[in-house]
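Mind looking over this structure? Questions follow.
Order of writing sets the labels: A, B, C and D. Residues in every chain begin at 1.
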Amino acid sequence: MSLPAEFHEIAKRVNNWGRWGQEDEIGTLNLITDEVVKDAAATVRSGRRVALALPLQQDGIQTGMIPGRVNPLHTMVQINQELFGPGTVATSDDAVTMGLQAATHWDALTHVSHSGKIYNGRPAGTITPHTRARYSGIDKAEHIVSRGVLLDVARAKGLDRLPGDHAVTPEDLDEAAAFAGLTVKPGDIVLVRTGQLQVALAGDKHGYGYPSPGLSVRTPEWFHAHDVAAVANDTLTFEIFPPEIENLWLPVHALDLVEMGMLQGQNWNLENLSTACAEARRYAFLLSAMPEPFVGGTGTPVAPVAIL
Amino acid sequence: MSLPAEFHEIAKRVNNWGRWGQEDEIGTLNLITDEVVKDAAATVRSGRRVALALPLQQDGIQTGMIPGRVNPLHTMVQINQELFGPGTVATSDDAVTMGLQAATHWDALTHVSHSGKIYNGRPAGTITPHTRARYSGIDKAEHIVSRGVLLDVARAKGLDRLPGDHAVTPEDLDEAAAFAGLTVKPGDIVLVRTGQLQVALAGDKHGYGYPSPGLSVRTPEWFHAHDVAAVANDTLTFEIFPPEIENLWLPVHALDLVEMGMLQGQNWNLENLSTACAEARRYAFLLSAMPEPFVGGTGTPVAPVAIL
Amino acid sequence: MSLPAEFHEIAKRVNNWGRWGQEDEIGTLNLITDEVVKDAAATVRSGRRVALALPLQQDGIQTGMIPGRVNPLHTMVQINQELFGPGTVATSDDAVTMGLQAATHWDALTHVSHSGKIYNGRPAGTITPHTRARYSGIDKAEHIVSRGVLLDVARAKGLDRLPGDHAVTPEDLDEAAAFAGLTVKPGDIVLVRTGQLQVALAGDKHGYGYPSPGLSVRTPEWFHAHDVAAVANDTLTFEIFPPEIENLWLPVHALDLVEMGMLQGQNWNLENLSTACAEARRYAFLLSAMPEPFVGGTGTPVAPVAIL
Amino acid sequence: MSLPAEFHEIAKRVNNWGRWGQEDEIGTLNLITDEVVKDAAATVRSGRRVALALPLQQDGIQTGMIPGRVNPLHTMVQINQELFGPGTVATSDDAVTMGLQAATHWDALTHVSHSGKIYNGRPAGTITPHTRARYSGIDKAEHIVSRGVLLDVARAKGLDRLPGDHAVTPEDLDEAAAFAGLTVKPGDIVLVRTGQLQVALAGDKHGYGYPSPGLSVRTPEWFHAHDVAAVANDTLTFEIFPPEIENLWLPVHALDLVEMGMLQGQNWNLENLSTACAEARRYAFLLSAMPEPFVGGTGTPVAPVAIL
């Protein structure tokens, strides 16, 4: 089996290999210049902050269907331990085991490969158990702060959430941008809201993952045309699942991460942000979504915050 | 053994129990109002970002001396796995085990108790293995974004780093604020630079921890007087170690976390920030330092970013 | 709510506190003398070995219903790593995170407490996050080797497996002993086969746990009367689940572990052993079921072997 | 760099590829027949049991020098949790993260490869992050029970322990066998005592690992000639470290595991066994050393027991 011609044609159009040099490891994050961040800070009006991460706990959203992507096992190592003798100040410490992509996370560019390659044409074999990702590990995405824009596709359509078989198209993104009254600019981080996370929040973890609305294979070209820096949404798989084209699995991942070099975020909780933006009638804000710098990580938990 | 009278006198003066109501779980984070954040965003001039977290890796700063505070064991769960058959898009996933306070971190208010109490007078016994911290867990500190100010004590004194027996005093903080040409305001997050992290960065992990400069038992009153929202620095223990007063261990922890209800950060890398502030001749900036929302966590890794 | 009078009456009859002294931490394992082991070795006829542990893997028997009892997350730390340079001998290493009671395991005596006490009348509060079990941790059960006897209750009744609502009674145990043609002796380790593990082996993890046949609240007296050293079976909960007496949860655990001081084993795969014993027409053998010596552990994975 | 001619010559002489068929995954464990085990059981005289595993705890023997081989992080998941309501029977559960080769362990045959091959000529590339070891994983070594013989090299020489630069030779093994008054037979599991573990038990973890006595590159031929089933000893590296021949690292591993297909055990505590054998004046016993069946594991913790 190989990837169909349709995929390769899109791939050619969105490919960014070499655009920022042969040594580049961060792709479209290069579009976030100091100037972009300065302008992003200027979007802050009220100082209201909205946190976008799911709680980290054993009872998380993973169901066991993705091998090894385990919910956080968070345990106490010591509780009120009087380290220096009875009656002294006591400390409590904890530890965790978790899949780096188990909850609200960024995929590193190296999360996906196809045809033996990762972003910028490097061999996929440069990911090893010992080094993890030698190139484009999540630690290379040193700071992710920019203007965030919420494209609230569900709200723009007057829906609570999109149906499970809805592929979010470029036209949907245009519609949501028009609804928001904004223009997506180079260096923006785009948050696409489907409303699907409500299914998980209501307790149906299996229903959350499948079937699920998500991005269409046609959207990478839209992101490329707008020079978007990164994209996140409120679904498990990011792209529509099951996929639009039979037997073409994870094409959006391959186009965004490998061809374009654009980070993706998943399982972001955009519900409160949707309300806040609607109340403020503004859909642009300063977004800080710093990766935990796991050396060679192919993903990372992230606790994003929108500052309106 | 019990805590000395001197401790209890300071405790009375900085105590914030009940100040934000009996139900309060976040202490001085209450001082970060929308207005404070709005003003903080207005401090951004250049858009330059400086990341403050140490890399997360097995070869981290922990030496094994603090039981259970283990360096990140970061392993690949799958590498270039063609989940949907040969020739399809391939994915890589990873997982981690780590102490939540192993690297750059926030202590939750519940990290420390004394005399059987945690912040706001609740029983220390509300921390259990099953619930972890029922009150004031790190997940309650929902968003930590404010004006950050760097009090570069080492640079203000013309030193690369403070000697190992230097207790940073209120006078040192005043001196550094004067050097920075700023006034610390309510809701600020104060970053105190000693330069001690250089020892760890040079490879001497044991020397980093002991002996180490750090905050004096006299500083909590200074933070209280200035209504600071949170404090972080570039040392392992936060306060001077070994302590100033014989057999009075971790008094600053007890005063800051338990009495005042003020979060502390440790192992923050302030080296690049020191350079950036010196170059910009400005020591105030927008700081985003979002906790990972571990439910009931007594600490969290954090990837702070200063936006100048 | 408190435990009913019926429970306390049985408790009195099976209680072994003080029987081996106030300092004792291993309970009925004291019954395994050198003489018992010598005789056990003499039961070996053919040298045939039957392993009784389930495979350890992410796709294990845990369903997430017991908080924190996580299936093994087994990851490679390095693969064919040429540690000493290209062309040298290469090594592979792996690591695991797992609940100690996740698969085939022994409960330590401290796995259960009731009315604030563990075995031998010690306070339950001696189990702490820092020390784990100070007394009667699984590391104290230094060597578990004895005569094993299979009481194949299902086979004795001519059934593949017992129905889900079948409480195994003392009469059932007598029947199985008669079927086996043996007398249970002091120091024996008794393996009780219900056949229930077949449900898990067929892929129905939820059905394996509930409803499940298991030991009746009346069996501890039988074990006590026979001076059995330890008991294991092929179910998730060991005792019948849901329980025989409304709102009396885990009474067999409380009687065996706390009152009698007798170790319990769960999730033992007795299917091949059942066949081997039937073929050999002998139901007694040498059993080695050594605990991994987790210091202060309240349980341990175990890889038991029957030598026929 | 490639392995020297000397290595390849020995390799040819001890190679067992194909000896038990192309499908074989367990190598010299094939030598442990039912007959061998039956005879082994007959060696039991007193019923005395000696456990050979080190305690599993955070303060274990690993020093951080072998990446990812982490000491057990053993944490409580719940303590005296009244799962079914106040006053009910309470349970305690724990979990662990550890390197499978961190303490007393077996190396699986797949722990080592050289020249791109593992045992029986299979490609080293069959070990992957997803499958771990597809062939010869430790789960394939289903039951390891046989006659154990202690070759107490240190005691035979009248030493407490061998010096750090002592390579145990075939002549040393013959000497120890003569001292023990026994002949090593096909299917035996040979335990070689150097006394080196005393260094670790005395608290010097670094000194334990380096320099360390261990097996000479000449011993694999001796094991091959005697048709030994498996070998374990009381050192960190198994073979003498640093090695006898400059730049020839881990040759014994490569010969034993890859060429011969013979399992190796390390960090076995043979101190009590040495005493027990000397007291009994017998150095042969029944040994049970069952691997935990980690699917595709390249090693496993083991809790061996000698039954005298």
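Throughout what follows, a contact is a pair of C-beta atoms (placed from the backbone, for glycine too) under 8 Å apart; a residue touches a chain by one contact, two chains touch by 3 or more.
For reference, the UniProt names are A, B, C, D = Cyclase family protein.
Remember, predicted model here, so these are calculated numbers, not experimental data.
Chemist: If you tally contacting C-beta pairs, which pair wins, B-D or A-D?
Modeler: Here the pair linked by more C-beta pairs in contact is B-D.
Chemist: Report, in whole Å, the distance between the mean C-alpha point of chain A and the mean C-alpha point of chain B.
Modeler: 27
Chemist: From the C-alpha centre of chain A to that of chain D, how far is it in Å?
Modeler: 45
Chemist: Specify, in ascending order, the residues of chain C that touch 2 or more different other chains.
Modeler: 67-68, 70, 73, 75-79, 95, 97, 128-130
Chemist: Thinking of each chain as a vertex joined to the chains it touches, would you call that graph a line, ring, star, complete, or other?
Modeler: complete
Chemist: Per the contact definition, I'd like the list of chain B residues that touch chain D in the complex.
Modeler: Contacts found on chain B: 58-59, 64, 67-68, 70-71, 73, 75-79, 81, 97, 128-130.
Chemist: Please name which positions on chain B make contact with chain A in the complex.
Modeler: Residues of chain B touching chain A: 1-3, 33-42, 44-51, 53-57, 66-70, 72, 74-80, 83-101, 110-114, 124-125, 127-129, 132-133, 139, 142-143, 145, 247, 249-251, 253-254, 286, 288, 290-299, 301, 303-305, 307.
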